[in-house]
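Labels run A, B, C and D following the written order; every chain starts at residue 1.
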Amino acid sequence: MNVAPPRRKPRVAVLGATGAVGQAFVRLLVNHPWFELVEVAASERSAGKSYGEAARWIGDEALPASVGAMQVLPCDPGAVTAEIVFSALDSSVAGEAEEAFARAGRFVLSNAKNHRMDSDVPLVIAEVNPDHLDILAAQRKLRGWNGAIVTNGNCASIVAALALAPIQQRFGITQIIATTMQAVSGAGYPGVPSLDILGNVVPYIADEERKVEEELQKFLGTAANDHIDPASFVTSAHCNRVAVEHGHTVTLSVKLPKPAPVEAVREAFATWTGAEDARGLPSAPERPVILMEQPDRPQPRRDVDAGRGMSVSVGRLRADPVLDVKLVAMGHNIVRGAAGASVLNAELLVHRGLVGAA
Amino acid sequence: MNVAPPRRKPRVAVLGATGAVGQAFVRLLVNHPWFELVEVAASERSAGKSYGEAARWIGDEALPASVGAMQVLPCDPGAVTAEIVFSALDSSVAGEAEEAFARAGRFVLSNAKNHRMDSDVPLVIAEVNPDHLDILAAQRKLRGWNGAIVTNGNCASIVAALALAPIQQRFGITQIIATTMQAVSGAGYPGVPSLDILGNVVPYIADEERKVEEELQKFLGTAANDHIDPASFVTSAHCNRVAVEHGHTVTLSVKLPKPAPVEAVREAFATWTGAEDARGLPSAPERPVILMEQPDRPQPRRDVDAGRGMSVSVGRLRADPVLDVKLVAMGHNIVRGAAGASVLNAELLVHRGLVGAA
Amino acid sequence: MNVAPPRRKPRVAVLGATGAVGQAFVRLLVNHPWFELVEVAASERSAGKSYGEAARWIGDEALPASVGAMQVLPCDPGAVTAEIVFSALDSSVAGEAEEAFARAGRFVLSNAKNHRMDSDVPLVIAEVNPDHLDILAAQRKLRGWNGAIVTNGNCASIVAALALAPIQQRFGITQIIATTMQAVSGAGYPGVPSLDILGNVVPYIADEERKVEEELQKFLGTAANDHIDPASFVTSAHCNRVAVEHGHTVTLSVKLPKPAPVEAVREAFATWTGAEDARGLPSAPERPVILMEQPDRPQPRRDVDAGRGMSVSVGRLRADPVLDVKLVAMGHNIVRGAAGASVLNAELLVHRGLVGAA
Amino acid sequence: MNVAPPRRKPRVAVLGATGAVGQAFVRLLVNHPWFELVEVAASERSAGKSYGEAARWIGDEALPASVGAMQVLPCDPGAVTAEIVFSALDSSVAGEAEEAFARAGRFVLSNAKNHRMDSDVPLVIAEVNPDHLDILAAQRKLRGWNGAIVTNGNCASIVAALALAPIQQRFGITQIIATTMQAVSGAGYPGVPSLDILGNVVPYIADEERKVEEELQKFLGTAANDHIDPASFVTSAHCNRVAVEHGHTVTLSVKLPKPAPVEAVREAFATWTGAEDARGLPSAPERPVILMEQPDRPQPRRDVDAGRGMSVSVGRLRADPVLDVKLVAMGHNIVRGAAGASVLNAELLVHRGLVGAA
C-alpha cells in the first residue's frame, strides 16, 4: 500500500522554524522516513543561536535534542543548502525570500500567502489537485528558475477544500456559503491574547474571508498549460475565531449545478479516496475525508487528531433549504492546514520525480 | 419618552421559576415598575419548599430575600392566582399547563416551544411584530378561553429576527443562510457538561435548526384575521454550541427580492427604531438593534449586556458574493432571547390595554 | 526490562463500565497484554443493553467494536464471572457490591471511596507502597473471603502521594499544605456544568479535602501485620476546581523532620525510581515521577500524557520560607489517578502471584 | 455616611494610559466626583496621537468621547500639568518617570513595582494601613521633593492583604502559606497568549511570589517615624495563572501567635470594617471584606464585581490542621488590585488634606 521511498533522502530545511507552524514542520520532519532535516532558519533575531534557545517550544512532547542543538541560519540560500525548503515565513518577508530560494534552484513548499494566487504558482492539496503541479514547468521557464515554488493554502481554505472536493468532483458546485469557527493556533504564537478569546467569539479575522473565497476557486480549478483556471463557483465566507486550541470547524451550504439527493452526495463522500497519486505517501492519511454519522460530530477537541491530524472530518450532511446540501467540516489547522500539507506536497513532488531523483 | 405606567400593578407569577430562565424572570420582575411578582411555581419536586431552598441560584447578585422566602407553588391555576403568568416551563409539561392557565383566564407569556407554531398563537417580538397580538381575539374565541397565550421564540431565532427585521421591513427577504454560535446558558442549568464544551465546538443542538427556520418566517410574517401568514422567505440554519457563557452569535447571509447597495441596508439599520408601540416600555432598550462599525464586533463577552441585555448588536455589514448582504448579529440569549422578551411582551399587552386595565 | 507475562491471561471485568472512569478502564483493558476483558457490568438501567448503546462514549478514539457489542451485565457476582473485577462504581452502591464480589472469591480493584480507609484494606500505588498488599492475607482471614479488595485513592491524593513519596522515603515528612487545581473530568460525566466552570474557579469539592488529608497518611504509612499504620505527618488541603479537561495540579509545601537543602531533595527526586516490584509492569511508566526543570512546568495541557498518562510531573522544586521545601505536581486524574492506577495494581497482584497463577 | 467632597476638584492625569490598567484608570476617573481627569500620557509611540487612536480600548462600555479626543502627552512633568498623577507605567520606565513627577511637586499614585519596597515609600491599602501615609513627610524631606510617591501593591498581594488584615489586626499572624490562581487580565494586554492558558494552568508567574511574600509584610507592618517596619510573619507563596478573565483567587493557611477558635476568627471578619479614615470615600466599598457562608464561594466569575470590584470576598473559613486557620479570598485584580486601589488612595490623600486643599 505504501509507495516506494526515494533512493536517497533529500536534504530539507525549515524557514521560519521558530514560530508555531515552523515548529510543526520540525516535529513532522525530525524522523521523517523520506527526508533528512539538516537545517533550520529564522529571522535575524534568532540567527546564530541554537534552535533550542531561539524557539519557545510549544509542543507537548520535548524538542528533539538533535534539533535543539542545530544553529539557526539566516533565511538565505547562501546559508541554507537543503534542496527542499519548507517555508513558514511571515508574509512580510516570505515573498522575496522564497523567490531567492527558487532562483537558487531549490524547491520551496510555502505556507505564506504571498505567491498563492500567482497564476503560475500551483496551490496544491495532494489528494485534491496534484495535477496542478503540471504548471511547474511553465513557472520555471517563465521565471527563469531552476527551483520552484509550490504553495498550500490558508488553513481554513484547506479544510473547506477537502470537504468540498468530493462534491465538486462528482457533481460540480455553483455556490458556497461558509462560516468558519477557527482555533487560536491558527494565529500563531503568541497570537490571540487570552483576554480577547476566553469565553468569547471574535467574528473577524483580518483578510481571511477573501483568502477563503479566492483559494477555494483555485484549489478546485483546473490546470491549463501554464496557469490554473479557477473554478467558476462563487463563495461567501464568514470567518470567526473561537476558544479552541486546534481544529478549524466550517459550516458549508453548497449549491450544485443541478440538484442531487443527499444520498447521492453521501455516496460521493463514502467512495471518495482522493487522487491516486497521493495514496500511500508517508504523510497521507488512510482517509483524507472521513464522513461521520453521529449527529453531533465532528468536534475539534474529539476529532482533530483523526488520521494523525491529516484527515478532515465531515458530518451532518443534509439537505439545505436554500442551496442544495449542507454539512460541517473540521480539520487540524496546523497539521492538515499548514505544515502537514506542505510535507505531503513535498512527498508528492518526490514521488512524481520532480525532486530528489538521481 | 417613557410611556405611562398602568393605573394598578398587575399581579404576576413565574412558572418553572427554579431553572435558568425562571431565575432570569425573577431577577427582571422583582423590582419591576409595572408588575408585582406575587408567586413562583415549579415542578412537584420543588413545590412546598421555599424558593430559596428550591432554586440553586446561579445569578451574580444575591437572590432577593423577599423572593427567597416565597413558598413554591405547583404549576396549577388553582394554586397560582396571578393574572399574568410567565412560563419558563420545560416543553414536556408546558403544553398542558399553559393551556390550563389560559383557560382559567390568565395571560400566559410563554418561552416554551409547544404553542409557538400554532397558527392562532402569536409569536411576538415587541419591536418587530406587535400587531401579531391582533389575533388574540380570534385565539380566545376559537379556543373558548378568557385568557390567552402569547409566545416568544427560541433564543437564537429572536436574535436573528431582530437583526433581520430592519432588512425585511425595508427591502423584503427571499433567502437566509444562518450559522449560529450559541452560548451554554441557552441549554439551561446544569445544561452542557463542561467536558463537552471546554476548548470545543459542538456542531449540533437538537431540533434547533428547524425552530430557527420556521420561527423566522412567523416572526417576520403578517397577521391575518385569525392567524399569522408566515413570511415567504426560506431559511437554512446551522446551529453550533461554543464555549461562551451568555450571548448567541449568528452569521447571516441574506438575499433580497432585488439587489440593494450595502449602503442602503446600512441606512435601514441606522434609522430602524422598532415598532412605535414598544418604544418607552420599561424593558425596551433605547435601541433594539445597534449597528456597530468596528471591524471585529459584536462579541458576546464585550457586547452581551448592551441595552441591559435587550439590544441585539449587529456588525460587519457587507456585500455577500453569493446572496446579497451579509452581517453578524449577537444578543443575550437569556435576557433578549428569553425572559426579557416575555416581560417586554407583557408590558406591551398592558400598554395596549389587553390586560391590567381597570 | 519488562517482567514476564503470566502463563495464562486472567479474565477481567469492569463494574460501572459506562461512566467516565469505567470507559477509561475499557480503553486500558481492551488490548491489554496480560488481561482478557470478558465482561462489562453497570447499573440496572444499563443492564441488558449492548455496551455501545448503554455508554455515551466520550473518548477521542472510537469505541472498539468488540466491546461495543458486549451485553452489559448487572453488577452481581452471579452474573459476572471474571476473576478480577475493576470497580468504577459510584460510592452509593460500591460498598456492598464490592464486598459481594470479594466474598465470591474475586479480586476487586476499586476506585470507590467506600473501603479505602478500612484498616485491613490496602490503599495501593504500585510504585509507592506495594508491600501494603501484605495485609491481604489478614483481610481474607478476618472477613472470611476467598477474594479480596484492593483500593486506590482519590485522584488528587494519588498525584500528591507520588510527588511526596521520594521525599517521605528519603527524609520523612512532618507537615504538608496542599492546594489542588483539579480538572473537570475528575467529577465524571456529565459532572461539572459548563456554566459553573467556564472562566471560573470553584474553591470547593465536596469531601475532597478530608480524603486528601487522610489518604496521604495511609499511602505513605507502613504495613503492620494485619493493618496499615498511617504516616504520622499532618496535611492541610485546599481543593479547587478549574477549567481544565484532564490533569490535577497540586502545589505542595512540605516540612521535613529536620531541614535538608533543596539540592538534596532534588537529588532524591532524580534518583527515585519507585518500588522494584512495579518496574517493568505493562502499565508502569518508565519514570513514575518526572522532575521538570523549566520554570513554568508542569502544565496539565502540555504534560498530562507523560508516560502515557501514568507519570506524575513535578516542578518548581525550591525552598519554602515557612515549611522546608515547596513544589508543584501534576498528573492525569483519570489514568494515573483512577483507572490506570487500578490496572497497574492488578498487574502487581499477578506479578506477585496473588492472582492468576496456575 | 459619605465624606465631604473637596472644595475644588484636583486635576488628575494618567501615565501609561493606553494599557489595561491605564484604561481602568480612565474608566474610574472619567466621571469621578472628586477628580477632574485632564490629561493622559503614554510612551513616545503613542504621544501625539489622540487617546482614541492610541489605546486599543478593551472595556465593555464604549470609550467616553471626551477622553477619546484627548491628545496623548509624553510622560514628562514638563508636559503633564496635573497635580495628581496615576501611574500605570511599565516598570522599565516607571522608576525614573515617577521620581521626576514627585520632584516636580506632583503626587504620584503608582502601580509599578519600582518604589514599592523603598523603606520611605508607603505601600497603602486605604482600609488597612492609611497611617502609613504618615511617613510621607519624611519621604519628602529625605528626597527633597515637593511631591510624593504613594504605591499600591501587586494585585495578588492586595487581595491577600485585605483578607489577612482582619486576622492580623485582631490576633497577629506568624506564618502564611498562600496559593494564588490568578486571572489573565493581571498580565495586561495582550498579556497571556491564549495558546498558553486555554484549558490549562501555568504554575508560574515571573517574580510574583517574591512580591507577595515581601509586600504582605509591608502592608501589614507598622509606620515608624520615617519608614515602615515590616510585619514579622513569614509568607510562602505559590503563584499560578488560570483561565479566568478577571479575579485573583488565593487559598490561605495562616498561623496565629496563639491558637484561636475558628469562631473567633469568623467574628473578626464579621466585625471588621476597615480603617475609619477610608469609610465613605467615593471609591470605598461598603464592605471592604465580605465573608461568604456558601460552601463553594467566592468564585471569580460570580463575585468579582462585589462592591463595584472593590470588595474582597472571603469564604471557606475553617480550621487548618497544620497551621491554625485556612480560607479562600478573591478580588478584582484590575479594580481592587490596581487602578481602583490607587484612586482610593488618592481620595484618602485628599480627605487627609495632603493634596488638593485650598
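Here is the rule we use: a residue touches a chain if its C-beta (ideal position, glycine included) is under 8 Å from a C-beta of that chain, and two chains touch if they have at least 3 such contacts.
Owing to the predicted nature of the structure, the values given are computational and were not obtained by experimental measurement.
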Note: of the two pairs B-D and A-B, more contacts are counted for A-B
If we define chain centres by averaging CA atoms, which chain lands farthest from chain A? Would you check?
-> D
Determine the centre-to-centre distance between chain A and chain B, using the mean Cα coordinates as centres, and give it in whole Å.
-> 43
If you average the CA atoms of chain B and of chain D, how far apart do the two points sit, in angstrom?
-> 41
Where chain D touches two or more other chains simultaneously, the residues are 198-199, 243-245, 301-302
Touching residues (chain side chain A, partner chain C) in the complex | 60, 198-199, 245, 301-303, 305
Please give the residue numbers of chain B that touch chain A in the complex, ascending.
-> 175-177, 179, 181, 198-204, 206, 213, 234-236, 238, 240, 242-245, 249, 251, 253, 295-302, 315-316, 320-323, 326, 328, 330
Quick one: in the complex, what on chain C touches chain B?
-> 20, 58, 184-185, 189-199, 243-245
